[in-house]
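Structure provided below as C-alpha cells; questions to follow.
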Amino acid sequence: MSTLLDVRNVSKRFTMGGLLSRKTVDAVQDASLSLSAETPEIFTIIGESGSGKTTLARMILGLELPTDGEISFRGKTVSHRVGRQERLEFMANVQPVFQNPFEAFNPLKRIDRYLESTAKRFLKLRHRDDLDAAMDSALQKVGLSIAEVRGRFPHEMSGGQLQRAAIARALIPNPPLLVADEPVSMVDASLRMSIVNLLKSLRDDLRVSVIYITHDLATAYYISNRLIIMQRGRIVEMGDARTVLDNPEHPYSRLLKASVLSTEDAGSGKLITDPGMAERATALIRQPGRLVARPDGRSVRVYERA
Amino acid sequence: MTEDLLKVEGLKAYYQMNYFGVEREVRAVDDITMTIRKNEIYGIAGESSSGKTSFIKVLAAAIRPPMRIVAGSVKYDFKNGPIDVATATPAQIEAVRWRHLSYIMQGSMSVLNPVRRIGRTFEDFARRPLGLSGEAYRARVLNHLERLKLPADVLNAYPHELSGGMRQRVTIGLATVCHPEFVIADEPTTALDVVVQKEVLGLIREIQQDMGSSVVFVTHDMTVHANMADRVGIIYAGRLVEEGPTRQMFFAPKHPYTAHLVASLPRIGDTAQRPALEGRPPSLASPPSGCRFHPRCPLAIDKCKTDVPPLIQVANDHRSACWRWQDVEPLVVPQRHEVMA
Amino acid sequence: MFAVFRDLVRYNAEFTIGLVLVVIIVAFSAASFFSPVDPSLIYMTIPDQPPSAQYWFGTNSRGQDMFWHLAAAFKNSLIFGLTVAVLSRIISIAVGLTSGYLGGWVDRVLMFINDIFVSVPIFPILVLFYFVLRNNMDSFTLALIMAGFGWPFDARLIRSVAVGLKHREFTRHAVFAGMSTPKVLLEEHLPYVMPIVFATFMNNMLWSIGLEVTLAVLGFTNINQPTIGTVLYWANSHSAMVVGTWWWIVIPVILIVMTFLGLFLLAVSMNEYIDPRSRLRRMGA
C-alpha cells in the first residue's frame, strides 16, 4: 500500500511579540497522520478555534513550514523551502477549497480568469479550444458548465455556484488531494448540504481524497471516513469517524459531542451541559501523554497521571 | 391569554439608492405582520440577504438612510407607554433605548471599546438609563454580574484580557443590566466555539426567564432555534413565510422552505443522504412574482407563479404562506444516494 | 470610457466643476504652443500695461505679454507636477505592494529605506542640489529629484492596504491558480489601491508645484524658465504690488487657485467613482 500524504510528528511553534516580551505558542504538537493513495477518503480534522487545525492544514498546503517533523507527498518530502517550479508541481497535486465562497474570487475580476490561469499553468494548455475543454470538464464535475461561468463576475452568481466554481477551479489539474478549510462554516443552511454532498461525490465518483477541516461534528459524521480531534495543538483522539463519534472516549471528545445542539427535542429548551465534563476536559490540556491504540482501531491520548 | 409586547403591521422597509444614475430599490422588508408576546423567545431564521437583518434594524429602531419605512407600523407596548418606531421622534426612541429596548450584538469586540475597561463601558451604557447613583448603581451592576456568573473584577479588565466566551457574556450583561422588556439578539453565538456557544445560549435563556423579557433571537442556524426559541418565524426574500411553536416547526412544518431547512440538518448517528436546496435566494431588487419561493419549490404549481400566498392560520398558533400548505409533509429523510430534485 | 464621463458629468456636480476648471487651465496652457513670442525673451512689448483688449492679462515690468507668459508658465508647471506625480506613484505602488504582499525581510528592508526617506528633510537637499548643479538644474532634473522624495508616505499607505489584501482568500486562490507574484500584485491588488493612488496623485501634484514655487520665489531654480514660481519671483523682485502692477500677482494667483481647486474636485469625484465598493454597487452587487 502506498501512501499519498504522510504527516510525521509535525510540530509548529510561533514566536509572538517583540524583542522584550517574546513568547512562543505551540500551535501544533507532534501530529501524525497518513492517507493512502489507493482508497480515497474524507479525512476530517475537528477542533475549536486555537486547536491548531488550520495551522496543520496550512502546513499540508505548504503555506507554512513545520518547526519539527516532516510532511511527505507520494514519498517525497515537501516540508522544506522549494523553488517556484517545484512549488507549482506540488500545487498541481494538492489544491485548497476556501472558507467563504464570496471571498474566493476577486470581486472586481471575472471568475473564468482563475480557471483559465489554472489550466494554462498546470495543464500547460495554450489553445483557446483546449483551455475551454479543460475548464468545461472541470465545471461539469461540479454540476456547472462553461456557458454559465464565462464572463461573469462573482456578484452575479449565488454562493452555491461560487463555491462550486472554486472547487471546479481546484479540480482542473486533477489533484488527488483537496484540503478544505471550514468550507461550510460561513454559508447558509440551504447551501451547506449542497457543498458537503459535493465533497462526498468527489470522493465517491472522482476518487479524490479530501482533508476536511471543521468544528462541526454533525457534518463530520455525515461525510468522513476517518477523523482526528484536536485540543490545543494536540491530537486527542483519532480513528474511524463513526466509531469515534458514536462513542467518544477522550473527555474532550465527549465534551464536544455533548455540546452539539440537537433538534431531537426541539422546543424543550434543554441547554445544560454537565459542568464537570468541561473541567475534566480542560484539566488535560497541558498534561504529558501519548496516543494509545485501542482494539476497535482508534487511538486515544492517555495521560501519565490519570 | 398572553399579552403582546410588539405588534408589527404591514411593515415595508426599502433601501432606495442611486449610484451615478444606477437607481436601485431593494425591498428588504416587504409586508411583514407579526406579534411578539411578553416573556417569550422568538427565533427569526433566514438566509443571508433574506431581509432579516433589515427587519431587526427596524425593530431596534435603527433606521438610517438609505433604508426607509415605506408603510406599516412597529408598535411596542412598553411599561412607560406605547411607542411606534415607524413614527417616533428621536427623543422618544432615546427614552426607551437600553432601558426598555436593548440588543446583544454579534461581534463582542465591536461593542466593547478596546481601550476602555469593562467597568467604564458599563457606565457609558447603563448609568443614565438606570438612573441610579453611586452605591445603588454599583450594587446593581455587581448583582447582575453575579447572576451571569462573571467575577466582579471583570469590571477592571480590558476586553482583550477576556476570552471570547467571557466577552460575549459581558455584552449580554450590558444588554440586560437595565432589565429591558425587549432584547434583540443578533447572531450572538455565531462566532463562538461549540462548547462556549451552548454555555452562552443557556445563559441567555436563563436570564430571559429571570427577567420575564421578550427576546428576538436571530440566527440562520436552525439547531440553535430548536434549542432556544419558544416560537420560530422564517423569513424568505423579505417576507415572513411561516411561524409557529418551535416543536411544530421542526416536526410538522407547513411551508416547503421550512421543511427543507429542517430536513437538511445532519445528525450524529445518522448517515442517510441529506437533501440540499438548489437555486439561490432571490434578489430583493427584483424578486420573483407570486410566491417568492416558487422557483426553488418542489411543490410549485402555476398559481404559485402569479398569486402571492397570504400568511394564514394553518393550526393553532401556526401560520404559513403557502398555497399548498396541506400538502407539505415533514421531509422523510430519503434513502442513501437518492438525492432530492 | 465615454459613458463614464457622461455619467459623472450628469450626476456629480463636483466632477463637472472640477472638469470645467481643469479644462480651462489646460486649454490655457496648451495655448502656449501657439504663442507668437518666445516666453523667455524680455522687453518684447511695452512694460507695465494694465489688462486691456490688446494685452488681456497686461504686461509686466520686463516687457512680457502676461497672457502668453503665464500660458507657458502654467504649461511648464503642470508638466512638472505631472512628471513628479507619475514617477513617484510608480515608486510608491511598486514599494507598497511588494512590501505588503511579500512581508518578512523584504518588507523590513523596504520599510527601513522608506522611513529614511520620510525623515530626511527635503528642502535643504533640494537647495544643495541647486548649489551643485547650478545652471544644469533644469525642470526635468528637479522633477526626478522630487519624485525620489515624494513616494514614501504613500508607499506606507499602499502597503497597509496590501497587507489586508494579502490575507483575503482570493489572493491565496490566485496563487493556487498558478498566478505569478507580479500578476497577483498588478491584476488582483492594484485595483484596490487605485483610489489611494488617485488621491495621493493629486496631493503629490499640489505638493510638488507648491514646492517648486517656494524654491523659485527664493531663487533656487533656473529663474529664466517661465513657471508659476518664477513668475512670482520676478513679480516680487520688481515689487509689483508696490509699484501698482497688481495684475502681475493677482492674475497668476487666481489661475493657481483655479488649478488647485479643479484638480482637487476631480480627484474627489474620481475617487468615489473608482472606489471598489462603489464600483461593485454600480455593477449591481
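Per-chain residue numbering starts at 1, and chain names A, B and C are given in the order in which the chains are listed.
In this text, a contact is a pair of C-beta atoms (placed from the backbone, for glycine too) under 8 Å apart; a residue touches a chain by one contact, two chains touch by 3 or more.
For clarity, every value in this text was computed on a predicted model and none was experimentally measured.
Ranking chain pairs by how many C-beta pairs touch, which one is first?
The largest set of C-beta contacts joins the chains A-B.
Among all chains, whose Cα centre is located farthest from the one for chain B?
Centroid comparison gives C as the farthest chain from chain B.
When the centre of a chain is set as the mean of its C-alpha atoms, what distance in Å lies between chain A and chain C?
50
Could you grab the centroid distance between chain A and chain B? Build each centroid from C-alpha atoms only and quote it in angstrom.
Distance between chain centres, rounded to whole Å: 31 Å.
If a residue has to touch 2 or more other chains to count, which residues of chain C qualify?
Residues 284 of chain C each touch two or more of the other chains.
Which residues belonging to chain A are in contact with no fewer than two other chains?
none
With touch defined as at the start, can you tell me which chain A residues reach chain B in the complex?
Residue list for chain A touching chain B: 48-49, 158-161, 188-194, 196-197, 215-219, 221-222, 242, 245-246, 255-257, 259-264, 266-273, 278.
Which positions of chain C touch chain A when the two form their complex?
168-170, 172-174, 176-179, 183, 187-188, 191-192, 276, 279-280, 283-285
State the interface residues of chain A toward chain C in the complex, per the touch definition above.
Listed in rising order, the residues of chain A that touch chain C are 63, 88, 91, 95-96, 98-100, 103-109, 114-115, 117-118, 120-122, 153-156, 166, 169-170.
For a test of understanding, state which residues of chain B touch chain A in their complex under the given definition.
47-48, 164, 193-195, 197-199, 201-202, 205, 220-224, 226-230, 245-247, 249-251, 260-262, 264-271, 273-281, 339
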